[in-house]
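What follows is a single structure, and I will ask about it in a moment.
Each chain carries a letter (A, B, C and D) given by its place in the written order, and its residues are counted from 1.
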Amino acid sequence: MTTVPQTSLSLRRPERLALNAGLVIFVALYAAIAFLQPNYLELGLFMNFLRRAAPLVILACGQLYVILTGGFDLSMGAVATLVVLAASILINGDPDTTWAVIGALYAMGIAVGLVNGLVVTFLKVPSIITTLGTMLLVNGLALAWSGGAARGDLPDNFRNLGRLVWRDVPVIGTLPLAAVVLAGFVALVWFGLNGTVYGKRALAVGDNPRAAELAGTPVAATRILAFVVSAVSAVTAGILIGGFSGVSVNAGEGLELQAIAACVIGGAQLLGGRGSIWSAVFGALSLFALFTLLNLLGLPQALRDSIQGLILIAAVGASTWRIRRRT
Amino acid sequence: MTAVPSLSMTGISKAFPGVRALDGVDFECLPGEVHAICGENGAGKSTLMKILGGSYRPDAGTIHLAGKTVQFTHPRQAAEAGIATIHQELSLLPHRTVADNIFMGREIARHGILDKAAMRERAAALLDRIGAQIDPQALVSSLSIALQQLVEIAKALLLDARILVMDEPTAALDERDSRTLLNLVDGLRGEGVSIVYISHRMPEVTAIADRITILKDGQKIWTRPRDAAPISEIVRAMVGRDLKDFYPSPPASAPGEVLVAITGGTNSGLQDITFDVRAGEIVGVAGLEDSGKGALAQALVGDVPFTGGTVALRGRSIDLRTPRQATAAGIGYLPGDRKREGLALRQSVRDNALLTLRSMTGIFTRPQRGALASAVIDERLRAMDVRAANFGQEIGTLSGGNQQKAIIVRWLAQASDILVFVEPTRGIDIAAKAAIYDTMRRFADAGRGIVVISSDMPELIGIADRVLVMHQGRLSGAVPRGASEEDIMHLALGLAEARHEESGA
Amino acid sequence: MTLRGLLATTVALTFASQALAQDFNDPAEFKKQREQLSMTPQGPEGQPWAQHLGDGMVDTAKYKKDGQVTLCFSNAGVFNPWRVVGLNNLNAEAELHKDRLKELIVVDAEGKDDKQISDIEALVSGGKCDALIVSPNTTAALTPAVEAACAKLPVIVFDRGVNTSCPVTYIHPVGGYGFGITSGEFIASKLKKGDNVLALRIMPGVDVLETRYSAAKNIFDEAGINVVGSEFTGSDRAKTKSVVEDYINRGEKIDAVWMDAGDTATAALEAFEDAGLPYPVISGEDQQDFLRKWQSEKLTAIGPSYPTYQWRTAVIAALDVLDGKQVPGPEWVLPQPAITEDVLAEYIDDRMPPLHYSLCGCQELPGYPELWGGKK
Amino acid sequence: MTTDVVKPKPGLSVAVLLAGLSIGFFVVVALATGETAQLSGQGVTGLLQRMVALGLVAIGQTFVILVGSIDLSVAALISAVAVLASHIMQGDAAMMLPAVLLCLGLCIAVGFVNGALVAYGGINPLIATLGTGLVIQGVLAASFGALQGSVAREFQVVAYGGVLGVPYSLLLLASLSIAAGLVLDRTLFGARIYAVGGNPDGARLAGIRTERVILFAHMVASLFAGAAGLYLAARLQSGTPWIGRDGIYDLESIAVTVIGGTILAGGKGGVAGTLAGVLLFASLDAGFNMLGIDAFLKQVLRGAIVIAAVAVHAVRARGHVA
């Protein structure tokens, strides 16, 4: 078939659409929230919204790295749980150790990410099974270590990361520390994908690992790094969750699926090759806005699950339809 | 012949968004006729066949089978109407047996219960008929590509099809297997089957076809009997101009220093491979499908490395254990199976061309720095005459020729010293072929080397400065430029010991 | 099409559910538990785990067994801190009876009914057990398995019951209505008519939790207190805090927070802190973190309980049965005290972890406090 | 041209190996801990009974994985069926047949929706079935109050009755396994499943209506989940909206299927391997009980074993997995 100029236009559109899909959904949902509860338009409440959405956004960003390379990371939630429990045990009420412990938490996260990556790349175990295994393993370790319940409180300097809100900040009024962490983290993962060659390598590996390998791409390293980034984001999210609400044994429960759903709602394609950091960011914000909206609507709790399911199917259905329409 | 055509397609049109793929095409095929369709990629051959096979529905036009109008909405209906298609891309189940594959979609069953014994028997009979010595119980994944192609053919024959569509059936086959296949086609013609034959290999077409139809840009140019269609006419009709200088002229100067020298290279598929490639040289590698020429390419690029012997690059011994090491050493690879091994189809042309540069640079390199900048790679793509409306478009939408050029740009950008081409022009139309040959020559002339592994013997003879021939995992000899196909076949079949042996130059 | 169909079904079923919602509101049981709350327990002073309410006793002479015995315990799981503390209690109690106990075999069903049934069957057919203690994952599901076990050996059930009277005794504190009555009445006494209370609950459909809410709701309705919302938190601190923040952001005035379990009480309170609002009246439970917060912030609060010391009682009962002693039965109702401001200080132990349940009755047990995760 | 005949039953050897290892583990643990009673007929029956619920779900999961799809909605469906069955029966034996029929009808409907979303909607099966699972779970939790009840005593025979010491539930699992195995190996439908899973484009070109095959595979998976739900209802007397989720039947059924040698890409594997995977999980459960391993440590071990069990045959694969 001869290539006619019009095709190029229609082919360029999906890239922009993928970015816009998540943003559009988010804006629509947030508008609905603001319609029900106008004070959500105040900067203060928006900042609070960001503070609470921060862990999910961060998790989604990490998950996106893995999704781009064609995999899944189901172990994120377990890592977040481990982080919260381990922090309470290691800090043991001594605020002076907080920063050292945070370092140790990242080391643990990186270890989990490395295990995931190494098992997937060298033992060839599909990532969904590998990370299911590490999910059980890490969760079990966290519970065994803590004895199944929170072992101590987190000191304020740790809690502040997820909890502190600066008031009377010029221009914006209030500024939660978690929103700053969020912005910093998103900037970092954005840089990783767009400011270095890593992002394009990851896309190529997710699209066609064999071709990438033959073109000289370090496929194993690219994959492993994605799992490490994912685990690091789970640690960061865990720190924020622990900071926001304190220690609990179910801090990370179910977050992995939410993170995957967020990426997909934002337009990333499962099994790799398509997506941008904005898929994760706006997908997660959309999902969180949805939770908030359903809360505000006061629907029966159980039905919120159902609606979440429908929205998930609809969002993916819509993007599938978009891709289909142009081929 | 005044027989009722077993197939007659009239006024077939089909448009895709932005593309008019077929525009009022007429085509017919008589019983016992081999009717070849020629045309460049994008001319509409595949679309026409997909309409015939029920994968696409035409926007306009009618299809008559033995005089009766038919309309297909699913490949199944086409199959039931007696149309069988042997597809360019293998559509086999690797984890299933040969018998399972032959009967895929057409299992012998009573009340939904399979009759496995009957299927085994018929599979054996079918395989026997096409002269393939394949156990129906063998797993397809254990067969070579050539044998898999024969399974595909057996699959098509199962239908007792009155119309058999063969879309580049020899693309994956070497010379010997191709001949077997052409004999088979001849036999089927004798049985009164109508055969629609699509191929880019001109000698094949003129050898087998009764009539030839040329498509260009979705329109039929002409249909002529074979005798009225010499190759030059066909090519002119396809391309729209003469292509006299199909192969570039040989280099003016003698080859230079040794770039790469392999000594005693050995692995599970290769034995004692010793040869070198000099600056400015294009070295061809010929051989039958199972001769080990594919394994040689894989070893050269570190995909399935040598386990014994040495490889020296410009006199320095190097390790080639992974494709990444080979790339770092300056060896680039253009795989034979572009879609599976060459391209990230959902990424842009630009991203595919930049893949190696981005992979080999430091990970913290800014993506727009220096050679990685879009403007720079776009310039290279333009220089290679990669035709895309926009280099940001997905490479999967480009023709095979343009895809291949983009991969070449990938390795040119990396400034590789040696390029290993496998079937560089498989499934690529004639105009793009010429451009690729030209690029290969210019690459070599710039003091670098090329190893080209191909099953297309005229191609090797036309482009290579010398041709190494492989047989059963060994180099059975080498022939210089100007050798004949017969010389090469002789060596490839293992009939002569190094008749034209020469020491490197 | 299919999506719309699903949605329609969803909506239809929801309305149906609201119309037909199953009744966890049993006035007779409510009344009974209210009476039990004010009863004086029988049994040794200061050892509530060995006390009982009411007079019923069962004779167990036929189960008498001399020499060392093996106890088997089929646990529903240790999926929340309450069960973690409880299991520690049970193990420590067994430790006290080393001379009589040859072995205590504990199998964990990980919250799966199906597994617990298999576990019980395996324990019974294994032939090692002299008595079986069961903490059922759900009432109905475990009934047949417990019935089958009863035919072979003495069975003691605690926490949740089973729908059969075959166990020697069923140990449980007063119950969910009692919990709801204690907390509901406290909040009602501190609030005015028309004030708002927010109810935070773990999950729907669990009998022992639903009864807590229904009792409290009755009391709120009677007192004219407005329940502004009833939200499920899944025992998740982050979710609890978010839910409360949402209510605060809505501009809702919240005078009191009622909880059907206290493990996320401090998270709920933090939402008020972060919003810069005064603390509401709150009903929590007997977790250390809540009690400490209560003390340090001088909250108006109450800590009703569902005491973990019942896990001790199970071992005591099992050994008594094998001794042939009479035990309270067929139901062994344990006292269910609540922590009030007056006694708050005595339940706080700074050595213990935040989610330690103060009414564990474990302070005198061997290994305290380390075994329960406390510092020496 | 020569052919190396590679015999086409690699799945069976995985199954035999895995089953052997599982039984070996169970026997060794029983002997080592002195729990020899577990090696008696009753003990072994108990071990096998641990397989029933997961086994039923996993057989269904095998069908969808073979066809190149996956089903995460099974856990929610199991709960739905168990709740619905007990609600309709309300202890009345006369309502057994209507209840079973209605439940199976629900399964067919859910399978149809899943299959339609995946095959015709082109939605990634993970997301599609995660979505339908959430929908079912939500509806179920919201309506639970309205859907109380318990199954008929007579119905519990399915779980507690038996003949000659062999529980009916085991016979059910065995017969459904054999039936599923035969369907995959000997019928047109089975051949189509392997074809569609192994090469969807090739299957379509070979005239197979691939969408329909995917649709039916999803219906089979849902029906097997329904069978598991009915079995659990019989065993547990009444359903709660959480039994599926608490049993982690979604992820566990996927894990045992993959452990049993069925590849996630589809087109390779079978019921025998899956059952061996289920047996492994059952032996671990029973063995860990005998060893008295702490609940949390059990989780750690199970995670490691899942990875190791898949790695054993995955590591030989050439090429990349995602």
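What we mean here is this: a contact is a pair of C-beta atoms (placed from the backbone, for glycine too) under 8 Å apart; a residue touches a chain by one contact, two chains touch by 3 or more.
Nothing here was measured: the structure is a model prediction, and the numbers come from that model.
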item	value
Intersection of the contact lists for chain A and chain D	B, C
Longest centre-to-centre distance from chain B, chain (CA-based)	C
Of B-D and A-B, whichever chain pair has more C-beta contact pairs	A-B
Centroid distance [mean C-alpha coordinates] between chain B and chain A, Å	43
Distance between chain centroids, defined by C-alpha means - chain B, chain C (Å)	72
Cα-centroid distance, chain C relative to chain D, in whole angstrom	34
Residues of chain D whose C-beta touches two or more other chains	117, 132, 135, 138-139, 141-142, 144, 294-296, 298
Interface hub residues of chain B, defined as touching at least two other chains	none
Shared interface positions of chain A, touching two or more other chains	148, 210, 213, 300-303, 306, 310, 313
Every chain pair in contact, whichever chains are involved	A-B, A-C, A-D, B-D, C-D
Chain A contact footprint on chain B (complex, rising order)	16-21, 42, 44, 47, 217-218, 301, 303, 323-324, 326-328, 333, 335, 340-347, 351-352, 354-356, 358-361, 363-367, 372, 387-390, 392-394, 397-399, 410, 414
Contact footprint of chain B on chain A as seen in their complex	1-8, 10-12, 15, 194-201, 203-204, 207-208, 210-218, 273-274, 326
Chain B contact footprint on chain D (complex, rising order)	1-8, 186-192, 194-195, 198-199, 201-209, 267-268
Chain C - residues contacting chain A, complex	3, 6-7, 10, 14, 78, 80-81, 83-85, 204, 229, 231-232, 234-238, 240-243, 245-246, 249-251, 263-264, 266-267, 270, 274, 289, 353-356, 373
Parts of chain D lying in touch with chain C, wherever the complex brings them together	35, 37-38, 40, 42-43, 46, 49-50, 53, 112-113, 116-117, 132, 135, 138-139, 141-148, 150, 156, 159-160, 232, 235-238, 240-243, 246-247, 285-286, 289, 292, 294-296, 298
